[in-house]
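Next, two complexes with chain A in common: one pairs it with chain B, the other with chain C.
Presenting the complex of A and B:
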């Protein structure tokens, strides 16, 4: 644990806090992207180069943009009016605090975390690719099927229904 | 504090922030943002344990790669559902989407 790791961790936590606490939804999405970037830096500092780059590509690049699209499509671009939190916010916050406290206490007391051995360096991209194509080829194919199903499902769910009052007006024929 | 404990504590805090967001925020998109934070906390745990020798040569990395793919699919489907709900109710606030309320 060095200074850079500490700074990256603080940036990640700050982005996460901003993404759940801010009023403007676009600012929340940008805070989420900051948290993702901090996590990508942490992965790189842990020696997992490929995962760090995938984090940048998939999370910051794709998921963040999808969130911003959804915020703009639901007209959430401005600030939220009224109360920011749900009516049962005290119960929810209490549950979250209790869960965090129990987990933190458990891991601070755990004696099995004193692992001296640190992996020297992660596998190269070539080794990751060979591993994906040899040992993990069936999970990879299942994942391809899942992503296809998810893409088709997302399009069908978000497609405007016929006669829907919320659908955009159809252009006149001819 | 050793490095592994530091990363596990960081991941716990990230998970706690995400859990608080899921339980407390009213906007459905913010709830999905918080779910993404919790998934990322789990990914950080995988990488931290992998770094400190748990699992085989690259098992932790593979778990994280597949987890990222599943999370991307979840985000796409979840946001499509939010858009469908918005079209039906003209709002994405969970307190007002209460047709099934008893």
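Presenting the complex of A and C:
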């Protein structure tokens, strides 16, 4: 483990801790963003450029903004009162320990540990693109159709109905 | 010592004359373990020196130019013809009191300007400024540029939310809505170049726009039907991404005072200003690299003996002047016009433009290759432009007065 990995790991951990331990929901979302950025840095330092950059583009640029808008639109971003710890913390801790144990066992048995620390860079963007556009083009198109249907559904749900007294006034034409 | 100075001078000379590997001789005088750090420092230093200076000069030229457009002198007191105004403004920004509202979230309020400026400066690291002047030759340079640019939305939100001011929050939500809407046409119009050139590396894209063997004109993408349409779409989207007039609703000084940086003063305000302009320059630089030939000259006979960075900077200055001209000419759009323009006009046009780029890539017959994309894109432009016009009849203007 070199210095860069250590620093990025600590940043990711600090962001993740902040996202569960802080009282203000917006601060939690920003802490989650720090954790995302640290993960992106880890991917980049491992040579997975595409995954690292998409992590920033999708998680910080899109998912994070959606989180923040959801917080602002629902609770106004106020601070949470009451105890920080849930009453069922023992169950939660047990589940967390079990998950960590299973993952550690899987990692220790994984063949990737035997390959040593020096590895060739992962699949390039060209390889990712070629397999997406050649081998997996039909799943990709199905996903695109699904997302389009979801977007249309969201618009229909949000669209004001005719004669609805609560509908916002239409903007003037032009 | 003398050899060290000589290598330093040679590095500067090689950089100015656009020769390959300008840093190599200088780095051989540096101890082995320090080389990566010194090399990175030497790449960063010109960016941090040149572009903030360009920003300072742009503020003066912009104020003089807007003054000229609005028939007034503009700044004319500090230095020759007012051209040292930026120094006075900079000193004023540094020595001003840094006022933070009592209700503000102090930590987020402090970090927000840094989160804005640092990613913008990072985005310069993949732009090819000259034939051999690329800070990092990244395989995924274009993706890096857009990924880093996505962070500015977060900075805008942090600034608007942490100020605890309803105008700030309103400005921030406006800015984020605008940035998300115009990011899609921005990326889709840049994607046409990736489709045709077949790489995400920005130096390779610039390289591909050199003169054809035996030809007199350089093969800028701007000189193709899809590239012409793509460049203007890119420029409009970049203008909206940078919150510049006529898309400066997030600032809206007549309605929400200054938007998300309302509660910032002194040097933090200057940082927001700097970040906004540096973002505009970076987007212009990307547009130059993608469509206007990067560091290539327009004609083959100009290639080679004039260094590439001269062309890059010349094109950048021309685009900045164009943005100033637009700011002085066009009125601010309304919110519904802004969203309609992004989703009903820009987005379909960029999709049609991608189809045009695909046709250009696969057709071989020169007439079909030029004609089909041109007809397709021009037809879509006319149909969309006409179809989205309000159905109302245009007649003499009727004035209504309050009785």
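Some notes on this structure:
Criterion: the second predicted complex is superposed on the first by the 122 of 174 C-alpha atoms of A that agree within 3 Å, B and C clash if a C-alpha of one lies under 4 Å from a C-alpha of the other, contacts with A are read in each partner's own complex, and residues count from 1 in each chain.
Everything that follows uses one rule, which is that contacts are C-beta pairs under 8 Å (C-beta built on N, C-alpha and C of every residue); 3 or more make two chains touch, one makes a residue touch a chain.
Note that this is a predicted model, so its numbers are computed, not measured.
Of the two partner chains placed around the shared chain by superposition, chain C is the only one that A:30 touches, whereas chain B remains out of contact. With both complexes placed on chain A, chain A has more residues touched by B than by the other of chain B and chain C. In the superposition on chain A, A:125 contacts chain C only, with no contact to chain B.
In the superposition on chain A, A:70 makes contact with chain B only, not with chain C. After overlaying the two complexes on the shared chain, residue contacts for A:54 are found with chain B and with chain C alike.
Overlap of the chain B and chain C interfaces on chain A: residues 50, 54, 62, 69.
Those residues of chain B lying in contact with chain A across their complex are 1-10, 12-27, 29-30, 32-34, 36-37, 40, 43-44, 47-48, 50-53, 57-58, 61-62, 64-66, 68-77, 79-84, 86-88, 90, 92, 94-95. Taken in their complex, chain C has these residues touching chain A: 105, 108, 138-140, 143-144, 146-148, 150-151, 153-154, 157-158, 161, 173, 176, 180, 183, 200, 334, 336, 390-392.
Those residues of chain A that touch chain B in the complex are listed here as 1, 5, 9, 12-13, 16-17, 19-20, 25, 28-29, 32, 35-36, 39, 42-43, 46-48, 50-51, 54-55, 58-59, 62-63, 66-67, 69-71, 73-74, 76, 80, 83-89, 91-93, 95-97, 99-100, 103-104, 107-108, 113-115, 117-119, 122-123, 127-128, 131-132, 135-136, 139, 143, 146-147, 150-151, 153-155, 157-158, 160, 164, 166-167.
By the touch criterion given at the top, residues 24, 26-27, 30, 33, 49-50, 53-54, 56-57, 60-62, 64-65, 68-69, 72, 77, 124-125, 171, 173-174 of chain A touch chain C in their complex.
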